[in-house]
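Structure below; questions to follow.
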Amino acid sequence: MNITLADAEKIITAAKKKAKAIDTKMNIAVVDAGANLLAFARMDGAWLGSLDISIKKAKTARFFDMNTGAIGELSQPGGSLYNIENSNNGLITFPGGVPLKNSAGDVVGAIGVSGSAVENDHAVAEAGAKAL
Amino acid sequence: MNITLADAEKIITAAKKKAKAIDTKMNIAVVDAGANLLAFARMDGAWLGSLDISIKKAKTARFFDMNTGAIGELSQPGGSLYNIENSNNGLITFPGGVPLKNSAGDVVGAIGVSGSAVENDHAVAEAGAKAL
Amino acid sequence: MNITLADAEKIITAAKKKAKAIDTKMNIAVVDAGANLLAFARMDGAWLGSLDISIKKAKTARFFDMNTGAIGELSQPGGSLYNIENSNNGLITFPGGVPLKNSAGDVVGAIGVSGSAVENDHAVAEAGAKAL
Amino acid sequence: MNITLADAEKIITAAKKKAKAIDTKMNIAVVDAGANLLAFARMDGAWLGSLDISIKKAKTARFFDMNTGAIGELSQPGGSLYNIENSNNGLITFPGGVPLKNSAGDVVGAIGVSGSAVENDHAVAEAGAKAL
């Protein structure tokens, strides 16, 4: 019910490949089932500020077992989860965080990607998640 | 003018029963009159990110002696308490936090619940509060 | 490879019983395999400042899979782990934190106890751990 | 005057190899010239609490361009840098952090390793540093 470092390395390799394919430079973080960092890579030239964001996206996706963007839709002004970002030492609720599931469908961790437009961040996270 | 651990355990038991009745998995926190954690339980499979949120909801409800959702109505953009969530190391102002009152009507603590839609969170918090 | 809330409640019940038997008032925290809080109870009249300490003891014991007091022996001035307490948002390295093991010997969480002399804290933590 | 992700991956591969050779399970962090995390890997079964420590060791080594253990000798009670660990959001000043130098002798980053006795942590960090 947890992922291994070998899994995480495979995920990061797939994410880096996708990032290069769409000509972006990403920070890529993988957390385990306990939402603790398992592996991380910052591509050369990627935004420094995205380092923390990628880790927070991965944690956020595992904290609630859903894509980070789905939470962001509910945390807008007037939304049911307004300002949920103030919890857990800071959540990131825009796209780029995706839960990782094993073949049985259990959430065993999450990937968080940051460094470009959020659509690209999400696409790279998805590519990483599919490698599991 | 304060609640006991036995009270808190009764409250958590009632909240867990309600959570199961509506098929949800909740984090349940009870704070005392000083807004300090008194008892906590995370049901199996409940969201990890709701741990911190449930505690923050309980604290928020006791900090202001009102339901958390009532504060959230005032903290929206343009509202009189805009971004009050940035105080006190992070408030949570959507539903799920409810003050606990003794038979004389004094606030003696609060319960915070997180793990589902905010309506469910509030219903479980109410069920817990009624057990006092 | 993880403990359930029912396990944690059994552990806290046993710890409370031991605390009463030796006439102490304790804060008792149980974390899971991911070092995240699973259950907590503060006995009536227990020190408020021990709330945070009990949680940090539980986390510390799981972070390093050993009794907290064993770390404290190495973190003294001149010791090999001097000032390790500044990591992980604050460790507590005196006695009172004990790992929880399943029947296969795997660490599946930890208990942290604070509220009296550290010998008493450790004795109560041990009593809790044995209930698993 | 900075290291690349490819460098960091080579360093982590060498550190993992050494960790396995001496039968340990390590957290391995590499920071760049700006002391910002570049790559990270937590070996399966490694201590969770060493995650933060490995990153802090790497940052500490780059903050002062020396082995972390050398700082720890000066930070003891009565020493010239007593309690320097309280700066920079928490330093770790026992062995396991080593600066990374390019062929010209410039410090271009640092490696931090945590997960065993500090002598082992340092040996693994050295093995990683030599791979640059």
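The first chain written gets the first letter, and so on, giving A, B, C and D; residue counts start at 1 in each chain.
The definition used in the following text is that contacts are C-beta pairs under 8 Å (C-beta built on N, C-alpha and C of every residue); 3 or more make two chains touch, one makes a residue touch a chain.
Note that this is a predicted model, so its numbers are computed, not measured.
More than half of the residue-numbered contact pairs at A-B reappear in one of the options A-D, C-D or B-C, namely C-D. Measuring from the averaged C-alpha position of chain B to that of chain C gives a distance of 25 Å. With centres set at the average Cα position, the gap from chain C to chain D is 29 Å. Averaging Cα coordinates per chain places chain A and chain C 32 Å apart. If you average the Cα atoms of chain B and of chain D, the two centres end up 42 Å apart. The residues of chain C that reach two or more other chains are 34-36, listed in rising order. Going by the touch rule set out above, the chain pairs that meet are A-B, A-C, A-D, B-C, C-D.
Against chain C, the residues of chain D that register as touching in their complex are 47-50, 52-53, 56, 72, 75-77, 83, 85-86, 90-95, 117-118.
Of all residues in chain C, only 34-35, 59-60, 62-65, 77-78, 80-84, 86-89, 91 touch chain D in the complex they form. Within the complex, the chain B residues that touch chain C are 4-5, 8-9, 34, 36-44, 48, 51. Contact residues on chain C toward chain A in their complex (touch as defined above): 1-2, 32-36.
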